[in-house]
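Each of the next two complexes has subunit A plus one other chain: subunit B in the first, subunit C in the second.
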Partner chain A sequence: MSGPEEAKEWSCAACGGALEIVKVGFTYMKGNFEVDLPACRGCGLVLVSEELATGKMADAERILEDK
Partner chain B sequence: MEQDKLREWENKCIQEEPPECTAACPIHVDARLFAKEMGRGDFEAAYKVLARNMPFPGILGRICDHPCELRCKRGEVEAPIAIGLLERRCVESAAGKLRMQLLPRREQKIAVVGAGFAGLTTAWDLLKKGFQVTVFDRSERLGRSLWDIPESLLPREVIREELSVLETLKAEIRLGESLDGAGFEEICREFDAIFVDREVAGPDFALGVDGNGEIAVDAATGATGREGVYAGGGTGRCGAWSPVTEALHGRKGALSIERFIQKAQMGAGRENEGPFATRLFTNIAGIDPLPRVVPGDAGAGYTDDEAREEASRCIQCECMECVKVCLFLERYEGYPKKYARQVFNNERVIFGAAHTKNQFVNSCSGCGLCETVCPNDFHMGDLCHEARRTMNEQRLMPASFHEFALKDMAHSGGERFALCRHEPGKNESAWLYFPSCQLCATSPAEVLSSYRYLKERLSGGVGVMLGCCGAPAYWAGRDDLFRETIGSLRLEWERLGRPRVITACATCRSLFMEHLPEMESVSIWKVLEETGLPRSTCGSSGATVAVADPCITRHDRETRESVRRIAGMLGITIDELSLSGEKPECCGFGGLMYNANPKLAADVISHRVQASQTAVPAKPFSPPGGWYRTRRQEGTDTAYYRTEVKEHDYLAYCAMCRDNLAAAGKRASHLIELIFPAVEGGDPAGRGWISWSERRANRGRVRDVILRELGEKGAGNVAEHENITLSMTDDVRRRVDERRILEDDIKKVIHHAERNGKRLKNVQTGQYRAFHQQENVTFWVDYTPEANGFTVHNAYCHRMKIVGVMG
Partner chain C sequence: MGDATESLCPRCLARIPAERHHQGDEVVLVKRCPEHGEFRTTVWRGGPSLSGWSRPKTPVRASVDHAGTERGCPFDCGICPEHRQQSCTVLLEITGRCNLACPVCFADAGAQAGPDPSLPVIEEWYRTALHKSGPHNIVQLSGGEPTLRDDLPAVIALGRELGFPFIQVNTNGVRLAADRDYAGELKRAGLFSVFLQFDGTEDRIYRAIRGRSLFLEKLLAIEHCAAAGLGVVLVSTLVPGVNTGNVGAILNLALELGPVVRGVHFQPAAYFGRHPEPPPGDARFTLPDLMRAIEEQTGGLMRMGHFRPPGCEHPLCSFHGNFLRLPGGGLRPLTEHAPACCCGTPEPENKGTGRAVSFVARQWAAPAAGETREPASLDAFLEDFRTNTFAVSAMAFQDVWNLDLERVRECCIHVVSPDGRMIPFCLYNLTSAEGAPLYRRRAC
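Our next item is the complex of A and B:
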């Protein structure tokens, strides 16, 4: 997951601010989800890590496609 | 899919049909399952299997005349399984295990006249159904011929013990009856229905007789000429006494009596009563002979160990022919009959509930190998194709299954590739070269050389058409898009004066032949056979290759033979794969498997190229649940599926086959590369994999060269982001390609991030990370700006849409 560790690795290049863990909304195949992710609260830039995108997120997509 | 269509599909798959032993058994004992349990040493479970069908298993298990053995498939390899001896061992060691439940009693009173094995069976069956049964016999004991059997085989104690069940079930036993004509009439008056065991029947019973003087019965029901009176048994009076046939007669009588009492249809659904012909096919090729186990003491029969060993010889008959050649069919742990039902259910559940077979339906390559190997021509591809069309109609098709492929198709049909022109300097075309989008994508130079050659050798003008034949839309079940695509191809073809079409891709040709039958087409290989090959060809003479036929040529013998003759003309020797000719496998591209189920497609091709998967000798197969699942639990990748791999280079004549084989690490070339080598003396089989981005660029190159020769300019519009230069290592290039991320997608992300400054910065490395949602996919790129462009470190994507920071 994109957690606090990952949040520390990245900063928002637009404002130079640090990332913090906030609720980020997602939608897919008529489903809506909220996930705690690192993001720049000011600029609204979120961070989805490679691990999350190719792991849990991909799994969730697959499950929703077979629904 | 409608219910009757489902029935039709289900009926085509014979995997669930009974094995020969069961079909040959007059009372359909599941000897296959019995042998399996015996082989496992679980004699109690085996006993339960016998007791399911056998009356008095302790008796019949010892004395059965086992007609099953005559039809045992193991017998076609060497000697049939000794089912009779196994049953004996089983009932001997499981003695006294029989438990009978007394059912709620029915009012009707049934008489069984004669306590031979047929009559006893009738009594047994009717008692189990709750009828009130009275057994009559002239003798002073039940059993008749049973007492003539040597005691060493059938101990007296066993007869008494087993037959005592009748009393347990509250049968009335009347022995020592005179049973003359008058007595029989009295029974007829007193009881609701009667079964007469012919072993006991008297000549003065008022029942019609047959030519042998036996009571005449209807073979299907055991009915005599008299209402309510049924008869059977007495097999020993006109041939060898057959205990199991006696049991059948008794069982037939019991069922008829039940139907008579219930006033039910007497003959309905009884076609397969008694021995019948099964439709189950079991391939015995490759099954090693194993001698039948001979009991150490012939008189005593098998010991437990001998029985276990003998039972293990059972090959557990089943079909699974299609599953053995298809990783897709194996991976979902079923077989077509089961799948047909699942696909049907998948369509039924429309709102709310899960469509758990969506990916399954879209994972089939449609290659048709199942139909070729199926004894009954079950075509899984047809089933899945129909289901895909339905999913599209119902608007339930997840975009992800086909989107990448359909976008690639749109590229081929768009301004970066599509083109249709007469030969430069001519205004008519006798011929029209259709090299295909995927061959242009992987072998642009060879396509251009071949076009030049065709122009040289053919007269009347050779036009060219670049575009897509519509296969991805067809495979996706997108009839609308497919019709639109071939409709515009047809218009272009007519505009050029309906020339004869030369195809370089077997899929294009196959679709044209089926959906544009008015458009005459011929494969480039056939044309080249006639024109002769160009003088300068690749240095492949003397090589030995294995031809990787594309699945689409399964029914196109002409093309397959043409390719082999051309290989011969090139001096190439062919070592055929066992799955070639009419039996090629798919490379994972067909049916858009690679798009809907990339993991499966990767596994399909890797099995086809990894020497470690070389054909393993056929093993006894058992239905899912047994040996199969055990293997899976052991972590074996495949239990059924076997393919053959050869060490030689593979020679493909389908662009996608070539590319997929090469991407999986197999040395593979395309025939066009050997005839029109891009590099003199090169090594086309060593060319390796090619990315989807390169494919698109190559298509554009073919178009540009042809336009240049025509003196025309290419499409001028270049989007801003396309001017970005990317650099990445081979590893990154391969990884992002496998994720179906195009360089174009990456450029868009970078372009977007650099323009609006929306990017993240890694505090340690200084690398940027940015994302951009393009239609249904969100792409993420890690990059570093350089003097002349951008270095890409990584890219990944997801389909879940980011709504944004909440609250």
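Our next item is the complex of A and C:
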């Protein structure tokens, strides 16, 4: 999971502002969950790391997508 | 006129043309043998309508060791090049012995069984399954009653060593109930989950179907599996007029028993093995009969619209629905079915098998012990779903009366026969009206 240190390494592509850790809500099919992620408070852009996208988020997707 | 397919004559097992006749929401398989006349079997009765009950797929063929095609489907199984689906579950029958004498038995197992296959023979079967369909299948150790083998832990460990991660035991639970340490032994050997024969919540049902009272033993077996951290799937054979009125009670009890019970798998009785005659008056319990019974008997907790057609096997063969147990005791459906439309994109059939295997792998293992909670963080969400998802499924096996070779060619549940062929489960167990087997060798 992304931490405050990783957030500092990135800046917002749209406005150049610093990213900070915020609670981001995800909705997929009928599931809702929240993850602390680096995001730009001004533009609302969120950084999702490859590790998260291909790890736990992919697990959640598989759970919700049924056999 | 209806949809053309092929079947077998119930009397002489000759391959004959057949048609699915649609009459409203009812579908009847009609076939005529030049020698033995016409046979009609209802294969789908009532809503949800069979039209729209499918998910678009494109065929996938097994990649290695096709059997010959001398006589054509269903006589050259092994799998033959006409087959359109890969395996998702592979059955190994590791004993013909049984400690019950059920009036209903697809395997016709029991006292006249021959000697058990040795560990080297079972290793050959595992290697056959590995070669023909790879390790990413569910291996189900079946019989007979597999727990009658004292070396069952060694059989399980052997399968794990050879690379199969998901090994299940198909059992009546008698030994699991009698020996409180046995579930732990199987778990330590590498067992993944228990497929527990569970026909109802009343002993009259067990006396009718299994020959004696068994309900308390079933509960004890589940308790011992829970203590050992082994997930249990309850498997109910449904016999019209015996326990088709008990499906709601089975589901409610399964939910009460907590996360150790990963789900319920219903199997409407097929008419082969020890029970080759069809039900009188065509009283066969079809999949839509079952979906409606679930809705009625659970008071709408689970509804027909929550159940989906399969992504793996033929649409006439199964349905499934997934639900999330809620902390207050309710259920949240995770699946629903929207009838197929012309704009769906077909997917390769092996994508369906892959998804079926990964679903079973995720769903049928025991959950980690923990508190039930509402999903909040991603971690909690994942854990909540792993622990509290409850799966309801059903499979309509085929017998010589309702056999449809189009369904057979899409079958993904295969038995490794003693001579090393992979044979669709229904064909392996199929017998004529007089009890003559198509494939299975007689036990004596």
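As a working rule, the second predicted complex is superposed on the first by the 65 of 67 C-alpha atoms of A that agree within 3 Å, B and C clash if a C-alpha of one lies under 4 Å from a C-alpha of the other, contacts with A are read in each partner's own complex, and residues count from 1 in each chain.
Convention: contacts are C-beta pairs under 8 Å (C-beta built on N, C-alpha and C of every residue); 3 or more make two chains touch, one makes a residue touch a chain.
For clarity, every value in this text was computed on a predicted model and none was experimentally measured.
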Touching A:21, do we find subunit B (first), subunit C (second), both, or neither? neither
What is the contact status of A:12 with respect to subunit B (first) and subunit C (second): first, second, both, or neither? first
For A:46, decide between first (touching subunit B), second (touching subunit C), both and neither. first
Touching A:59, do we find subunit B (first), subunit C (second), both, or neither? second
Hey, is it subunit B or subunit C that touches more of subunit A? B
Subunit A residues contacted in one complex by subunit B, in the other by subunit C: 26, 29, 32-34, 57, 60, 62, 64-67
Within their complex, state which residues of subunit A touch subunit B. 8-14, 19, 22-29, 32-34, 39-41, 43-48, 50, 53-54, 57-58, 60-62, 64-67
Parts of subunit A lying in touch with subunit C, wherever the complex brings them together: 26, 29-35, 56-57, 59-60, 62-67
Residues of subunit B touching subunit A in the complex: 354-359, 398, 400-401, 739, 757-764, 768-769, 771, 778, 780, 794, 796-807
Residues of subunit C that touch subunit A when the two form their complex: 308, 311-312, 320, 322, 332, 334-335, 352, 355-356, 358-360, 362, 375-382, 385-386, 389
